[in-house]
Structure formats: C-alpha cells, structure tokens
Amino acid sequence: MTAILVVLVHLAFALAITPVLIGVMRTVRARLEGRSGGGIGQPWRDVLKLLAKEPLRAPGSTPVLSAAPVLLMASSLVLSALVPLVSTLALPSVPGDLFVVVSVLLLGTVALALLGLESGTAFGGMGSSRHMVIAALVEPTVLLSIYAISGPVGSSVLSVIVAARSADPASLLNPVSLLAIVALVVVVIAETGRLPVDNPSTHLELTMVHEAMILESGGRDLGWLEFGSWLRLTALLGLVANLAVPFGVAPDASLVGLLVGVATGAVKLLLAGALLAAVEVFLAKLRLFRVPELLAGSFVLAFLSVSAAYLVF
Amino acid sequence: MAVWIWLLLLLPLFLAGVSYGLRRSAWTRWLPVIAAVLLLVGGITLVWLVGLSGPVATASGLLRVDALSAWMLVVVGAVAVVALWGGMDRSVSPVPPSSNPVQPSSRRRPGSLSATDGAALRPTTDPILASGSFAALLCLFLAAMTLAVVADNIGLMWVAIELTTITTAFLVASQGGRDSLEAAWKYVVLGAVGVAIAFLGITLLSAASLTSGEATVSWVLLLQHADALDPTLAKAAGALAVLGFATKAGLAPMHSWLPDAHSQAPAPVSGLMSGVLLSVAFYVILRIQAITDAAVGPELMRGLLLVAGLLSLAVTAGLVLTQRDYKRLLAYSSIEHMGLLALGAAAGGPLAIAAVLLHMLGHGLVKSAMFVVAGRILDYVGSHRVADVRNLLRLRPDLAGPFLLGSAALLGFPPFVTFFTEVGILVAGFQSGLLWPMLIACALLLIVFAGIARHVLSMTVGVPAGHPQTVPVTRRAPDTSAISPPQRISLPIALALTATTVLGFAWPLLGPLTAAVAALGGAQ
Amino acid sequence: MNLVDAGLFAQLCLAAAAILLAVFAPVGHRNLAAGIGVAALGVVGAATGVTALLGVQGAGLRVPLALPGFDAIDPLTLAPDRLGGFFLAIVGVVVAVAAVFGIGYAHGPVASRTGWTAFAAFALGMQLVPSAGDALTFLLAWELMAGGSTVLLLADHAAREPVRRATLWYAVMTHLSFLLLVAGFGVVIAASGGTTWSRIAATSINEPLASGAFLLLIAGFATKAGLVPVHIWLPRAHPEAPSHVSAAMSAAMVKMGVYGVLLVVLRLLPMGPRWWAIVLVVVGAASALYGILQAAVQSDLKRLLAYSTTENIGLIVTAIGVGLLLRDSGQTGAGDVAMLAALLLAVSHAAFKTVLFLGAGAVLHATGERDLDLLGGLAARMPWTASAFGVGALSAAALPVTSGFVAEWALLQALVHANSQVDRLIAVVLPITMGVVALTIGLGLLTFVKAFGIGFLARPRTPAAADAHEVGPTMRAALVFGAVVVVGLGLVPGPLAEALATAVNAGGVGTVGATGLALGGFGVLLHPLALTLLTGAVLVPLVAVNFAIARRAPRRDVDLTWGCGGERTSPRMEYNATSYSEPLVRVFRGSLRASRSVDVVRADGAPLLVEEMAFTQETVDVIEDRLYLPAARGVRRFGDFARKLQNGSIHRYIGFSFAALVLVLLWVAR
Amino acid sequence: MTSELYPQLIALTTGLLLLTAVLQVWGRSLVRSIGLLAAQGVALAGLVLTVGFHVGEPGALFVAALVLVVKAIVLPWAMLRSARLIGETRERAALVNTAVELIVAAALTMLAYVVTGSLFGIGSDAAAHAVPVGFALVLLGFWQLLIRRSAVTQLIGFLVLDNGIATVSFLTSGGLPLTVELGASLDVLLVVLILGVLVVRMQAVHGHVDISELKELHD
C-alpha cells in the first residue's frame, strides 16, 4: 500500500517540478546569454496554452497521429514512476528493473519516431531516422554503465542501487562509479536531445532531430509531446543526480522522509538542470556523423568502468 | 536346383539365336525384355532357394550360386528390365523426326563440343545392326553378365567380363556416327588393356595357389586355403586383378573410356552398362578382395580401393562442374557412385558391404531410368548440350518429372534408397577409422552435388527465354500455350523410381542382404 | 503405446493423409483440403511436443529398415525428450499457422499437387527432426526437410529469374550442412559404437575426436541456422519462397539448427572444454550484429526479415554460449538463466517472425510488391495486417508486453547478474557480449520502426500500394492468431519459463502472481501484467483529460500539412527505406560496402539543365562478396582445369592406365 | 628332357621373345613389326613345348600347336590383310623420337626385373629366372600402345601385351588348366576381330586411321 503512495508522490513530484526545471534551465541560459528570458513559469503557461488549442489532421493520416503524443506522455509518466526520484521504496510487482526502465523509455522514443514518419513530409522522416540511429547507438552505453554500477550491488533494480550507494558513500568516489556517471550524463544528453547532440531550440531543417518529428503536430498533441519530452528529461536527470549524490533520498515511505526526499530531490534536480544549461551555452552542436564518435567514447568509458571494476579493484 | 543356373545361362543364348535368325522382323526387339524378365524371376527364385538350402553348385564346381551371386542376379535382372523395357519404344526402330518446338543449336562451332552433326542427329538404322541383331547382342550381353555372376572360377569370370566387352563394343558403335565409332574404339582398347592386366593378376593368383597344393583359381578353394597362399604373390595378384577389373568398373584413374562410351551408346545400352555392368565388375573386385583379405589382411585392398574411390570422386567433382553434355553428366555420376562403392568396400564391415550391395541395386535402377529419360530428351531436343535444353518442366513435364526425381535420387535425397546407402557407407567409413578420407569424400560429394544440381536445374526450371524478367507473381496466369499435350510418364521409369523409394524401407530385404554379406565372408 | 508414441504415429498418418488430400482433392478445394490436412499435422505435432516437454517419455516408435542396424535395434526410432518436445511444439504451431495462411494465400505453382505434397513432406521432416531418437532418423528427417523446402522454393521458378539461382545456393548450402552432420555423427558413432542418442551420451569420447565432432556438428547446424559465415543462402532463399513457406522456414526450420546446437552441447558432448563456449559466443555475437546491420539497410521487406532471422538466431546461440561459459565457470545460477533465455528467445522469435513473414505475404498478395520504397500508407487500407505486423514489429524490437521483451529481459538479466570477477576471460567476454547484444537490440529497434513506419504509415508511394485491399478471412485469422500468441507469451511468461527450465535443467525459475516470471537466484522479477496495469493506471486519467479537452476544441481536418509552408509535396518526397537507413550506412561504412550511383539525364542542347536524376544505393553483403564469390570462381576454374584432363586423346587415357599399372607394381614390389 | 638342355631352351625362347619386342619398339615399318609378331608367336610356342615336356604335361603338344596356329599364323595374317586393305604400310611420325622410346623400353625392362625379383625371389629353376621377361613383354606392349599413332600398330602393341601375359602364365604355373587357356586365347582372337572390323569402318568413316586425330569426344 505504501509503495502506491510512493508512486503517487513520484508522479506528483515529477509533474510539478518539470515545468519549473525547464523554466530554470531556460532562464539560466538566457541570463548567461545576456537576455532576460521568459521567466520560470513560462513553460507552464506554454503547455496550458497548447493543451487548450485544437490540433489539425491531414487526410489519409492514421490514428497514430493522435495516439502517439498520449503514448509518449504515458511512457514518460511510467518512467518517472519507476525511477527512484524521491524514495527508494519500489513497487513490489514492478521493481523498476534496469531493462524495464530502458524499454519504457524506448517505447516513448518509438512512438515519437512513428509520429515523425506518419506526417509524410521529408522533415518528419529525417528527424525520425536520425533519432532512431542515435537511440540505437546509445543503447549499449546505457546498459553497460548501469551494469558497471550494479556490479558491486549485485542487483539490477535502480532503487536498490541508489539505496546501496547511499548506504556506503565510499563507493561514490571510486573511478568505477565516476566513469559510469560521466557515461550516463552523455546518455541523458543524447536521449533527451540536448546540445551537443541536438539543439532543442532550433528549427534549422538540416540540424534538428527532435523538433523535426513534432513539426506537424499542433494544439494539445504538441502540448503532450512537449510535456512528455520534458518529463523524460526530469526522470533521467533525476536518476543521474540521485546516482551521483544519493543523499536525502527517502529510504521508506514515512511522511518526514518523503518531505525531505522531495526537498532534496527538487534542489538536486534544479541544480543539475542549471549546471546542464550553463554548460550548454558554451557548446556548439556536433555534426550528425560526429555524434557516433561521442557515443563510442561514452561506450568505452562504460566498458572501462566495467572491466576496471575487475582489473583494478 | 542346378537346373535354374543352366536355364538362366542357356535361355538368353537361345533367344539371341532366335532374334538373330529373324533379325529382319521388328517384333524381335521384345526378346531381350523377355530375357531380362526371366533373369529377374530366376534371380528371385534363386535368392529364395539359396536362402532355404545354401549355395547351389554345378558343372563340376565351375558354376556356383551363393547368396551374393543370387543377389547380383536380382540386380542384373531388375536393371535389365528397366533399361530394356524403358528404352524399348525408341531405341531400335527409327523414330520419325518428331516436331520439337525448341530449335537445337546444332551449328558446329569450331573446336567446340561436337554437337552431333546432322547425320547422327536421328538414330538412323545402321546397315550392320538390324533390330534383330541388336536384340541378339543385348541377349548375349545379358548371358555374359549372368555367366560372370554365377561363375565360381575366377578365370571364367574373366572370360565372361571379356565377353561383355566384345558384345557391347558393337552396341556402342551401333549409332554409326563418327563419335560413336571413336567411342567404341576407345572403349574396346582401354577395356581390353585393363582386363588383360586383370588376367595377369589371375595368373599370379594361380601361381600363388601352387604353394597350397594344386594350382587353382576356384574362388571357394582359394578362400579355404587362403592362409596357405604365398603372401607376396597373392598381394601382387590381388592388386593387379583389382586394378584390371577397376577399369571395367569405371574407377579412376582407369575411367576415361566411360564418359565417351556411355554418352554415345543408345539409351538402353548405356542404361545397362552404367547401371549394372559396372556393378558386375565391382562384384568381381569384391570376390577378389575377400580372398586377399583372408590371405594377406585388409590393408592392401583398403589402400587400393580408398585411392581409387577418392580419385573417382575427385575426377567426377572436377568434370561435372562445367560439363556441357547431359549424357556425359550421367556417365560421370556413375563414376562417382562407383567411387562410393569403392569407399564402402574399403571401409568393410557388415553395414558397409550391405550398403554397397543395396546401393548397386538402387543406383542401377535410377541410372538406367535416367539414361532412358536422357535418350528421350535427346530425341525431343535433338542435341546433347545442356545449354540447348531449356525449361523442360514447362514444356515436357512427363520428361522433366522423372529427370528431376532421378537426379534427386542420384544426389542422395530421401526417401530414395541411395540416401540410406550413402549415409551407411559414410558412417561405416568413419566407424572403420578412415576419418580423413571420409572427410575428403564429403567435400568432394558436395562439389559433385553442386555441379549436377546446377546443370539439372538449368535444364528443367527457370524463366522461359523472351519472357518479361520479373513479373509480379500475383498478376499473371501462367500461359499454357507453349506446353505440348501432356504425355504419360512411361511405366518402366515410374516403376523404377517407385521401387527405389520403397527399397530403403523394405525390411524383407534384410535377410538376403545379410546372407550375401555372410557369403562374401566365406560362410556356406 | 503412451501419449507421445500415439502422437508420433498420428503425425505419420496425418502427413500421409495430407499428401493424399493434396494429390486427389479436386482443384477447387485442394487448398482448403490440403491446408487443413497440414494444419492438423501441425496441431497434433504441437500437442505431442507439449506432452513430451512436460516430461512424458514414450517407449519410442520404431520403423524397420532394409539396412542392418548397428546394435540390435532397428535404425529408425522416434523418441523425443523434453528439449525435442519443446522444439516439436514450436514447429507444430508454426506449421499450423502457416498452413491456415496458405489456404487463402497459395495460388499458382505452390498450390499445385507437388506444391502441397512438398509442403506436407517439409512439415513432416521438420517435425521428425526434434523427435528423432537416433542419428540415422535425424539425418533422414533433416534431408526430407531439405528436399521438401527445395521443391517449395522452386514454386515460382517460371515467374522470376533469381528463383533458380537462389534455389541452387540453397540446395548446395543445405547439402553442405547435411554432409557436415554426416561427418560429425560419423565421428561420434565411431567413438561410441551406437547411433542412438542415449548410447552416444553414455560414452565419454576422448578429446581430439570430441572437439573434431563438435566443430563438424556445430558447423553443420550453423549452416542450417544461418549463422554468419554460412548465412548467405538465407537472404536469397527466404524472399524467393512463397510467403507462408518462408514463414515456416524462417520461424521453424532455422530452429532445427538451434535444436542441433543444444542437442550437441547439452546431451551428446556435455562436458566440453571452455573454448567451445567461446566459439559459440563469438559466432553468435558476430551473426547477431552482422545480421541486424544488414537488415537495417535492406529495402526489400522479406530480405530484411531474413537477415533479422540471422540476427535472432545469433542472439540465441550467444545465449547458449554464455550459458555454457557461466556453467563451466561455476556460476550455475546465471548459466541456467542464460540457457532459459535461449529457449525463450527461440519461442518468441518463432512467434513474431511467423507474424511478420505472413504480414509481408499479405502485403505481397495485396500489392504484388516486396520493396518498401514502393509501399506506404497501407495501415489505412489494410488495418488487420497493419496491426498484426505492428505487434510483430514491437516484439522484434523487444518492446514491453511482447514475447521478444521477455526473452531479451531474461538474456540481459543473465548477463547482468553474472559475476564477472571470476577470471580474466569472463571479465572481458561478458561486457563485450553485453555491448554487442545491446547494440543489436538498438539496431533492431531502428530496423522495425523503419519496416513498420515506411511500409504502413504516411501516404502510398505507388499506385500498386494505393489500391491495396485487406486480405481474405483465413489469412487474417492466421495473422491475428499469431499476434495474440506474441502478446500472450509477453503477458504470461511465468508458467512458460517454468516448463522450459526443466528442458535445459535450469534451477531457480518460478512464477510470481500466476503470470509473472521470477528469477529466484537473483531476487529479480518481471510481472508484465502489473506493468500493463501501472501503465493503464497512468493512461486512463491522461486519456480522460485529453478527451475532456478534445470536446472543447475538436480536431479540425485540413487538406494540407504544414511542411514548412510549401504546397502538398508528392508522396515520393517522403523518406523511404533507403534514405531512412542512410545515416547508418554512413556510420558503419566499414562493414556495409554501399555502392552508390547517381545518373543524371541532362536536357539535350543545354548541358547545365538537368532533366532527370536517379540515385540508387546498393549495399553488398561483404561476406558473400569477399568469401563466396571468389570461392565460386575458384571452383569454376578447378572445373575448367579438370576438363582439360579429359581432352579426348586416347594416348592420354592409356597413359593414365599405364601410370596406374607402374605405380601398383612398384607399391606391391616394395 | 636332359637337365641342362631345359634351361638353355628356356633362355633361348624367352631371349627371342624379348628381342622381338624390343625390335618392334625400335622399328617403324608396319610389315616388319607384323613379321616380328609372328616370330614372337613361334618363340611362345617353343616355350610352351619346353615347359610342357619338362613337366611331362600330356596336353602340352596340343596347347603348343594351338598357340602356334593362333599367335604365329592366324593373327599376323589377319593383321597383314587389314593393313593392306586400308593401305597402311608406313607408321606415321611417332609421338616420341626413337632414342627416348628405346631408353624408356630399357627402363621398363629393368623395372620388370626389379618387380619380379621381389615377387618371386631368386627362383631355383630356370622357369622362375625367365618370368621377368614376361613382365617386360607386358610393359613393352603397353609402351607400344602409348607411342604408336596408327590403329593397326596399336593392335600389335595389344597383342605383344597379351603374349607377355601368356609367357608369365606358362612359366609360373606350368601351363594353366586347359579351359582357361582356351578361353583366353579365344577372347584375344575375338578382340582382334572386332578391332579389325572397327579399323575398316574407321577408314571408311574418318578416311584415316590415325588415332591421335580421334579427339572429338572431349569435355
């Protein structure tokens, strides 16, 4: 029963913090570029506006056009339910295992890609093709880096890993977890389409990946798509933050623990978001065919962290 | 009981006389079929008799039928029935030039394979071979093979094999063209030389038997006194005899006459020669192997037969890949199957010998049926070349069907008996320790499979020329305009193919087969 | 005469009945009659398989032969054990579904008498291979399967030119696999003296022979399973075969190769040295990665599915290799889960590959096209096929709540929970395997998004795709049944895994909550039903909110998509399969030799003006290009050289005899 | 039969046999080699007589007469007739020049001695000493088959081969049982008959009897 409470807390926390996180990231970026920016609440207002507007439909389009946004939103919500953002108490029957989480993430990616293809224009196809190539190349790094971290813990359930790491802080600083965390950061950037892999704020045909797929959607479809993508960023960023700094995560479902968890979770998340935005200002977008080198580099990092665990320690 | 042996020997002679006497009348061509049927019936009764009361001897020991000889009689009879009855309706009497829609490319390109020129295109009646004399020679051929099988005296076997060479010489030359004459010359010279070497072997064998009392070449006596034979002489005699009879069995390196003779001879003759004459020669090799194994141990024969078997497979593998004449393709497939028999004999052991004997029957039936069908294809297309035969399955399904089924049998697909025997021989080879030779044999068998399959497929299936290259399959109904009226598959070929499918599972054959294997081991 | 023996005997009778129906049924009803006959054969086969899987051991059906057997008993015995029962069940179901689909789909040569007889023989062969109790029966069923499939492959020989060459490659490679098996079994029989599995398993074969036999047998089974160095027949043969036949070949026949590997590794030569496992892992991983890479860049739908079969079989063999490696190094827990994952992968691949191939068959039937670049927009026109194909694609991409997801999950759990600290070799091999498997899953995702997205969504690119129509009832029934099985296996993995665990004697596998799968050894569980409930719990409020908003601002139909403001572009401007995989071709330039050609037609008189431009990209199968074509050329040169040997001069022939005589004289007189 | 006369007679006949074979290899003209063939027949008959009397075989005389008739008279006559019929008197340009032919002939004879040496061991009586000549004759017959281009000379080579085998059989087993000997010579007669017919037809169809031209049947 308490686990369901924790899930609800996770969902509520994710839904609430996401627009704020995006707002903070955009304001930090604006301030660093000398602009005043639209304020923290702007993303929230954008989403509400979009949800109220009416979407359009071209003749001959299949139900994918209307189903994909809802599916993306649903997969992001499930993702944030399973990832230990606030508390490490997992649902007994759906423990948020490594591969289940990645598969739910990929379900959202596939829904987005199919939406891109459904639009029937060259941009949708281009975006979908690039997005799938990047997702395919990222996959080994995701699994290997989490495998490296789960090595000493002995189980692949994310909440158990975070709990174990918060229990013994010494393991945080050894090279194995450092290498794995760096690899995971690259994964988050690639998966959620941040710079240097993809520029979220561009509409330049030749460079956009994520934006190209949602080019044809409008109104509430676009609303769900935007909110879903942001939610994914929150979930993944929260996961990395908790893995890197596992303090403050509530070990059980007590009221005090949850409150502390929410507070620390929010702070960690916003700090991480601000740091990411700050770094993005100084980065330029990589050409698409240089991205595999970046991903190969992150894969080598993850591989070293696994074999380092044996060879060195 | 002995009367059966004399019956099987004398009746074909009598029929030969009758058909030669009335050689002008056309119905004499049915006489060889009668001789063949009689041989088959005689063979089966002898198998049954020998099964009941042991070997039958007559003519003061010169002729003796034990289980092995009886089995060989059945093989000779069965293959003869299929070859002669199958080849009956066209081989001898000239066939009016049937209209065939596929124009043979018979223009003579210099230096290319001799697509038989106009004169030899249609089997014209050759002055020296009226249908009666052709039938007479066939009956003599059958009689000679029966003599070779029933003889107990190895010298007599040699004489019988020599007689087969003489009778088939004219049969090969019966087409009368330049090529069949050349084939006949090569056949007789190489055959006679080979068999002469065998005779040298037999003389040394009788010399070797001097040390065991009186000089004899009777198989039974030699086997009984095997340990008393002079070892070095026996070794030399065995080697030379097997080398000589290997020529008649078509084993490499003495095989070169076979493709020419079998591809130029008329269909029933090449069916008989390929199907059973090679097996009869191999039967004599088995007899001699029994003696040398008893006298000097199996190493000698194993080495010789292994080399001969692998060489035969290698020659076939090489020459079947880019072969341009489908009758020569069938001839090379005979060399391959003889190579397999040699490997089986080299392996030794009850399973191997039983597989060899059953393979003789299976291969004989299929090969004679294939040569008969090839004869009909030659009639229909008019040229020997593989390139001139195109999508036979659509134009003449009654020819292409048996041709495909026969090739599947030759390549060793189940449910044909050649599958069981081929696997039996290979597995027995492994069991008798011949590891590396059997691996090489498997590799060569693969190349042979690739070669034969390539040619057979190019002849029977494929997109008809002048047809849109890729046509969406759903839209087009197959145009049946070009297909000539569907003719029936001829009965003997159908019988031969159904027989080979049933043989593998025919458990009543187990008794005679094990008896024949025991007979080879000298059991009474 | 217990249940299993009765089942086996029934299969033989049903096969005979199917053949009789095929030959004597009137032309109009032949498809229906023969189809039902073969379907019944499949169903009875599946039933027998399941009973054998649950542990019922028959006394063995004996078929007498003309050749004297080895040790007293007749050579042909049919006695499937648990593992054989499992594979028999897979083949039975696949054959049944393919036969039902064939009723509506088969037309032209494949619906002829020989077509249906060959299909019945093919099905019987496939069902006898796992139930064979000794080497000779195994080889007989193996060749029966090969013969039947070769005849079926020749069905459309008159319609398309490549069919004949594909059949030749297929026949030669199948015969290569047969000869390798004969050699391998020969060595094993020689060492153990008997042909039955139990006799061979009883004797421990000493080292040089065992490794030789292992390599021969694994090479033979790899050729049939389509693993990398010997896979080239698969992408040639499957597309040319009629679709319901290629579904049976891809889903069931290649599994016989997998069954063979398991038979050798688990039963015949159980305690092999460690390098055996490494060989399996390397070959499996190479096949998986190479297969999916080639699949990702194919534009012909059936070639794409054929290459993806190579990938899936590669994953299965990798799982077997990892299982062996872990069991050998003492980690039986992880090893057992890896073996279980191999079986789960096998059954899930059989399910979704059947649906995908039948879907491709339906598309081919409706549009007459296989090339994705010429399809598109079929989801609107063929809803049933599109949804079934979609479910199959989801499972092939290993996404939640499908059989593929469960199988990949089990494999990754085995890899993750293997303790790589045991020794250096495992510390290097496991992460690399993990990386390759993960990359394969990622590329699989891309391949099947491409296949479904390009093939079924957006607008039809050619008139053939535009006037496509939904397929007949029997075909739809087969497709839907297949999709239901895929989702069913995904939702209820627990009981299935428990039954399979006994087949590879894997411990620590249980069911949690009636349907979920729990791996006791690692305390990890997968409860797909719960995951669906959770998603439902999230989805229902979301849809409610969405519906509420939609009532106030309903969706408006317009005749123009935005498309950066240009007017409605023609469907040919959409991304197609070649362009979709173009970034991948650029990234993996090394192993995907892509030959591009751009030919430009210039306006006559004005060289600068371009009238027409065509871009074609052809990716070459590197292994085929580098290994097989030179080999074929070499064999042909050997043929030409050998032909010079027989040049017609009688002196040369007499020379051969003379040389032989001299050599024999010298040899005898030494 | 006095004891020392027997070995001398054996030596004489076998020496004659070997001499005729070598001369045949050497000679070019067809008629001369047919003459040598006849001489070989006579020598063989002499050998049969000596061995027969030495062993005291009653039928020796009859067998000797048979050999004399078949091998010395009938066959050479048939050969001469068919040679004259097709106008073939001069042997064509040989495939190999004469020096090589003779050197190889010598080598083959040495081989025959080596082989029979190891097979029969150093035999006590004269007959065993003479067996190598039989083998030499076989090998020389084979060698003639290899180097001669005309059909008729190939026939002669085949007959020399056959004489060699007959010598070996007479020397080793003191005369074969009569039936097999009869069968063998009958067969040889028939083979020559057939080859004779074929030579005549070849002349009619091909217009020549040069074997090395017969190359149309190849792969």
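Labels A, B, C and D are assigned to the chains in the order they are written; within every chain, residues are numbered from 1.
Keep in mind that, in the parts below, a residue touches a chain if its C-beta (ideal position, glycine included) is under 8 Å from a C-beta of that chain, and two chains touch if they have at least 3 such contacts.
No experiment lies behind these values; they were computed from the predicted model shown.
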Steps needed, at fewest, to go from chain A to chain B via touching chains: 2
Which of B-C and B-D has more C-beta contact pairs: B-C
Chain nearest the global centroid, as defined over all protein CA atoms shown: C
Could you put a whole-Å number on the gap between the CA centroids of chain B and chain D? 32
Mind checking the centre-to-centre distance between chain B and chain C? Centres are C-alpha means, answer in whole Å. 42
Whole-Å separation of chain centres (CA-atom averages), chain C against chain D: 69
Take the average of all CA coordinates in chain A, do the same for chain D, and state the distance between these two points in whole angstrom. 100
What positions in chain C touch 2 or more of the other chains? 643, 646, 648, 650, 654, 657, 661, 665, 668-669
Going by the contact rule already set, what residues in chain B reach two or more other chains? 185-186, 189, 193, 236, 259-260, 319, 323
Please list, in label order, each pair of chains that touches. A-C, B-C, B-D, C-D
Under the stated contact criterion, what part of chain D meets chain B in this complex? 118-121, 138, 142, 145, 151, 154, 158, 161-162, 165, 168-169, 172-174, 176-177, 179-180, 183-184, 186-187, 190-191, 194-195, 198, 201-202, 205-206, 211, 214, 216-219
Please output the residues of chain B touching chain D within their complex, sorted ascending. 62, 113-114, 153, 155-156, 158-159, 162-163, 165-166, 169-170, 173, 178-179, 181-186, 188-189, 192-193, 196, 199-200, 202-204, 206-207, 210, 215, 217, 232-233, 236, 259-260, 263-264, 319, 323-325, 328
Residue set of chain C touching chain B in the complex reads 63-68, 70, 107-109, 135-136, 139-140, 143-144, 146-147, 154, 156-164, 167-168, 171-172, 175-176, 179-180, 182-183, 185-187, 189-190, 193, 195, 212, 364-365, 368-369, 464, 635-636, 638-643, 645-646, 648, 650, 652-654, 656-657, 659-661, 664-665, 667-669
List of chain A residues in touch with chain C within their complex: 7, 11, 51-60, 62, 64, 66, 70, 73-75, 77-78, 81, 91, 93-95, 97-100, 103-104, 106-107, 109-110, 113-114, 117-126, 128-130, 132-133, 135-140, 142-144, 147, 150-151, 154-157, 205, 215-216, 218-220, 224, 288-289, 292, 299, 303, 306-307, 309-311
The residues of chain B that touch chain C in their complex are 185-186, 189-190, 193-194, 197, 235-236, 239-240, 243, 247, 253-254, 256-257, 259-260, 304, 315, 317-323, 350-351, 354-355, 358, 391, 393-394, 408, 411-415, 417, 419-421, 423-424, 426-427, 429-431, 433, 435, 438-439, 442-443, 445-447, 449-451, 453-454, 457-458, 461-464, 467, 469-476, 478, 503-507, 509-510, 513-514, 517
